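Some structures to go through are shown next.
Shared between the two complexes below is chain A, which pairs with chain B and chain C, respectively.
The block that comes next holds the complex of A and B.
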């Protein structure tokens, strides 16, 4: 459950010095203590590192990734040390949008869900109809608690008849186990037992093809397949939240560095570059995908329910199927659907040629919402943001106030913002089947 | 004609008193009702059984304390044969030095107490008055569905504001006292109220009887207030003539007179749910019955998790239901006696009372500690009735039956029950012998029901009495869970009508209130 790492765990075995000052303390009767089984158990040497004992984790690809770093800029992702920027954000961004970008996404939270009732369990867990998911297919999912507030979202992979993988941004084990009552299902956190790489960009299929993923181009979006890479089994899915053609590769942590090296070996000629978390965030903002913990709070993380969101408020209505089987929150969502949402999480663009920071979003001069993710899109020359706005009907004239600094002087500007109704970046290639290999364009 | 071929407006699952009451009210309102009971007799934990031939006793519960007179009247229970051998049965705390205490404010009893301890006589008057005023403030809560809580509803807040207002109207000291009493332990309350150990222990037992709590467990003072509030609608504790089974028999006749079809020996296997609507039941024998409404008096946890199944419920609700606690803590001993055991200091008419055998509070607390550890305590608090004193037909002439509730008996005992049933029996008889030395010699036959026996015999999970412990966090709008507290369930057409719902106890109120809700929705639909 906790991260596996190659640093051996050293057990603290310092013997306590007898305390002189407390000579009156009764000495335990060790012989009797030893005889009693419960005491034996208490003092049994712990065979494993206790779960959650470690706060700083590294993935199996850490050394491979670190070798690519020119900046030594790291950040935290679910407790794992993750590169923020490896070279420069511009270079990494260019690789993503014009060539191919490889990143280590092992810190994603991954659950293996298996057992006789896995399908019906998941169907009750998530808001969409899981029954239509075939083996080697993937679907985006959102899951709610009883009141219809979103607990989290993620992607659901069907690996076999009764084996699934749920990949999420945050940990949800307690909720997944609570939901398992009455189902014959096994839920297991496989976060540390599975490495994951994300390969995104117009040349992604070409890189994989060159690396030995034959017929990779025939995988449809949201489908997946096993590949054998000279003895390394790799599960490749055509997924990734970047608005590009892209794949995610799921592999045993021990094999991950080898896969990484092989991709660089074969991918260099296609302009493959390693990228960090900053580009991942930027691509997500360009694609208009809210992230839990950032653009919205999970229902169990929100202290005030005003901070929790329904799927409708997140623009995830398409992931909710109120008609097929029961799922947690369905009754509540049926009622909520009749009502106006309280707020909406939206994408906005600011026509301003320099990157800026801001927080409040104003409507007709009054604060009406909060910008939760901000990024400057080099491709569009625009500031983009995800923001949570109070729900209003009628015309919207949005603006933000920014403090724009030039040298040592600062100007306070009011910049109009516009709502984006569809993603500003979305390569048509991402839907193409077969996916384009380099020769074809 | 087979039941499955007939058509019904309502199905009631479980033929305990609540199921019967619900069925009566539905049928009285013109519905065609079928009641299905798993066991081959009705009544659930309300039953009269034979200890040995000709010695009859209330097998489990032995007193009616909370059944409102209104229900008795509306269901014509008297006309259907219900008679009471005694009403307003007083409680007498037995004393080891033969100065027994009647827990009442009748002048004669008070005078006796006053001679012994003037402070406590005054304190008793004041204590009972306070108890009554708190109970009165709480009363309106108990006569209707509990307020809706959670979500945007302000019902619960309004209801509690009204409670505060009612309590305030009763005077400022009383209001503060209520606020103080709500989270307090009964032990702390009686310690600060009374001087005499016997009075302290007696009222502590009144609050704890049937619960899995100890005298110093927080929230136990509220138990006493709640129990008192339930009694406001009744004439105190009553002994039905013929034992608790007689109440069920009257309910059965009443139900049949209203046209309820009753089927015993047919356990429901599952409640049929079709796209979020409960449409009927399937029995273990494979019969299907369909009706637009189904009311279950079976434990709400079992109803929702076993008969409906978690797949049809939201995960949060299912998990919370699974966590509701059911710790049985009381055993029952029924004895057939040759002659009346003589309790020194007890006047002849007092043998018909509810006799409380209580150790001093510190020993009582130790009994609870032993219970928590899963051990047999040395001392037990007990409630003893000898119903044959007022209801001679229960035993052959000159002979008697005795019914004993033994508090703080664990469900599982360290070392297993096999060898310890007799140890428990011996300790109980030994304790009783301190008051009635001749009791051992008079025993002709007996039966002991441990919590596990109560579970097996009456289907009460964990041997816990109330299908969900009656403690503050599982009462009112939390009984059995906020979403289910108003007898409705997330499944259209399914209602909960048993003791696991508000207000609990042998009151029939859950059955009556659930029927009312079901009928009002039926009209709306």
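The block that comes next holds the complex of A and C.
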């Protein structure tokens, strides 16, 4: 298309030919350099910026985490920049299983639920009995819609008599508010107002103790307590989805970098290392914990209803209490419990000495399910996977087909897989009270 | 006298698609277009030299991906770009945009209502479910379900078994989607008026329905037909052809000629030659007669039968039935050339969604009022105004630094209750719209180099669409699927042997431009093969 036009246009003035001095600047453009934002400004949260200006947000710990990154490998977790791997997956994994691993879990979704009816509201929302949760205790919860399909799962913290915190993987504000009709309850998204750190590993209690969390070892699993760290209030809970002794620390975003620095300062002698999302996923797969949006889809996100699951299909039956009071989906779950599940989310192991990728899971030669999370456990030398398999009774002979590449050649292998009935890794220390302050191994 | 295997009357996208498929199957085809440019309602023109703009449609038409790949339009130069879904201005100075990126789109919705960001997840699920169920119906031909044939029976059984395997709740949801008014359906998911108005206007632009008119919610499916489950979870992308919609027509023309077909523009067909109730050829305006074994009409139903045939040659009662097919002008088009980029102070600089279009401020109530005005035959006092600045995404359409502004004005009636569209009334409409644009973009008046307004009667007289109806017949529920245009005609065949319809007047109509052409071509190709 020609750039010529027959219409006479008035050219704007000010578009003069650049003179030689401005065309070949020898001095750097200091004004421009000074006008460009500093690193701190670049990552400062700006509430008035339009959504398109940043596709991925950063947490308050971003600069602290970035300083630990030797790989510059990042990923997106719930719309936040999260390190995939900071050093090497082997080193990070070793820190998790042998020492202590610190990660920024601020991208988790957090809701504050308060008000006179908070307890009864939550009791109707989640499938378990919330009334037995005491202050400073935590329980894993699953919540369903009225047909019994899981909307999401997470952890419920009781912070006070009528104040709770629900921590989930996905956002559920619409569902929480819709369910709140008729209750005197206030639901608030505090995701951005609360930073969270996860400290996991056999030395976790020791690191915290050294950093000033006195009596941390007395916290029982799924319990929590407030600490005062030289003026920084930190809420520490003995939780974490790694099958390891571990804690999660909840703190004001402004204080989070200070806490991070203090933990590194005091934790260095215990081998504390910062870890990324890849190790978090690997630990989750080793522990056999399905993640919403990955191993199953929430009922409101599943376009195909077959992609949604009931708690029984996810192996979360222990989080469903059908006896002690009404909750959303109870009638449906009572019926579903009598029926065969449509599918099961299971853990599988593949005896193959190298990491492989696969998707279809076969039973007697026919595709029978989907591998939804895959990880290679360096400790066990095994490929592990979470998979959604069609429910069948009787003997199981599972296999997967793998395109195994060596150099530029590829072999198609059929590898037998076996079902795992319990988590392959689970440190006995994770139940110990008091938690060991000095590891004896 | 010339002889061809098939003559296609009308060079719109469906006609061109039909001709391309037929040419590819080895038939000798001749495509006849009345105007100088191919594309029908998607034709573009130079409003001033160097400024290319889609003359009748907004300029964002596409073809189904299957047709693009089967006809290999890429190797004939066709390229697409995907951009965000567009921006709506709000009364009082704000804006709401549609982004393809799921996280960004949710944050945009959260700016208007925190809750609506989650409402989007469930809304998208239900609309994608509806779209999945609709998609297989669009691509294939549709025939009278009461016809006793093996294939209809098989299709009914297949549909029944598909539904038998589904959850009952899904059927309930689907019923809601196909019967509820748009606003009521959206109330179930969203609380922000800005969000609801944006989605309702996306759905209803170009229809006669207001947001509170029954059965409007199904129009929400339109934008999601090509959306897949794997997408990132944001709003559907707007797909633009580089070079404008007419580039699609040009690429289809290139396919036809590459397979030995012939295209003649400025060749108006005035009559179809009949012998013993069977179409044998066409007569051009200059008296020339051309024979062919099959005739495909890309004209709308009314123009095909009421203009090309002596009414006495048509079966008993047929002329009346065709006359009752509802075709109504719904939109006017204003084409503007600008000497510099327009500014929209309400939209933050660099907003990528602006590439997908800009809608001037409206509300559910205003849309309702505009729809009422349309029904009353009054030029809308508060019209729904959709704009596209195609030069933002595709600068090749105008000289460097200049822009074209494509404006679709909706709820514009074809017939006025107190007379006809005169030049004066057209100017009144233009002034109203330009004043509204100038509110959103101060200084735009000084940037206008050229401007042209086309009312529905203008569109009818230039492209020939009856009443200026760009969708070849209203998309009310009674004129969809096997009822488009009627059960007997839905299968592309007509009472006249060897005459086929391939325009938007037949299934799936404007829901998938190109499908009718492709399906009719398959039918004709099979028939030509049978007859040897």
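Going forward, the second predicted complex is superposed on the first by the 383 of 441 C-alpha atoms of A that agree within 3 Å, B and C clash if a C-alpha of one lies under 4 Å from a C-alpha of the other, contacts with A are read in each partner's own complex, and residues count from 1 in each chain.
Keep in mind that, in the parts below, a contact is a pair of C-beta atoms (placed from the backbone, for glycine too) under 8 Å apart; a residue touches a chain by one contact, two chains touch by 3 or more.
All figures in this text were calculated on a predicted structure; none of them were measured in a lab.
**Student:** Decide which partner touches more residues of chain A, taking chain B and chain C as the two options.
**Tutor:** C
**Student:** Mind working out whether A:120 is in touch with chain B, chain C, both or neither, as first, second, both or neither?
**Tutor:** It touches chain B, and chain C stays clear.
**Student:** Looking at the overlay, does A:87 come into contact with chain B only (first), chain C only (second), both, or neither?
**Tutor:** In the superposition, A:87 contacts neither chain B nor chain C.
**Student:** State whether A:147 touches chain B only (first), chain C only (second), both chains, or neither.
**Tutor:** Touch partners of A:147: chain B and chain C.
**Student:** Using the superposition on chain A described above, determine whether A:301 touches chain B (first), chain C (second), both, or neither.
**Tutor:** second
**Student:** Touching A:171, do we find chain B (first), chain C (second), both, or neither?
**Tutor:** In the superposed model, A:171 contacts chain C only, not chain B.
**Student:** Which partner does A:79 reach: the first (chain B), the second (chain C), both, or neither?
**Tutor:** In the superposition, A:79 touches chain C alone.
**Student:** Is A:179 contacted by the first partner chain B, the second partner chain C, both or neither?
**Tutor:** first
**Student:** Report for A:427: first if it touches chain B alone, second if chain C alone, otherwise both or neither.
**Tutor:** In the superposed model, A:427 contacts neither chain B nor chain C.
**Student:** Would you check which partner chain A:329 touches, where first means chain B only, second means chain C only, and both and neither mean what they say?
**Tutor:** first
**Student:** Starting from the residues of chain A touching chain B, keep only those that also touch chain C in the other complex, and list them.
**Tutor:** Dual-contact residues (chain A): 147, 175.
**Student:** In their complex, what parts of chain C are in touch with chain A?
**Tutor:** Those in contact with chain A are residues 48-52, 97, 99, 101, 103-108, 111, 114-119, 121-122, 125, 128-129, 132, 166-167, 169-170, 229, 339, 348, 350-353, 396-397, 399-400, 402, 449.
**Student:** Contact residues on chain A for chain B in the complex?
**Tutor:** Against chain B, chain A makes touches at 120, 124-125, 145-147, 175, 178-179, 181-183, 326, 328-332.
**Student:** If we count contacts the way the header does, which residues on chain A are in touch with chain C in the complex?
**Tutor:** 1-7, 9, 50-53, 55-56, 76, 78-79, 147, 171-175, 177, 189, 298, 300-305
**Student:** Show me the residue ranges of chain B that touch chain A in the complex, using the header's touch definition.
**Tutor:** 151, 276, 305, 309-319, 322, 483, 490
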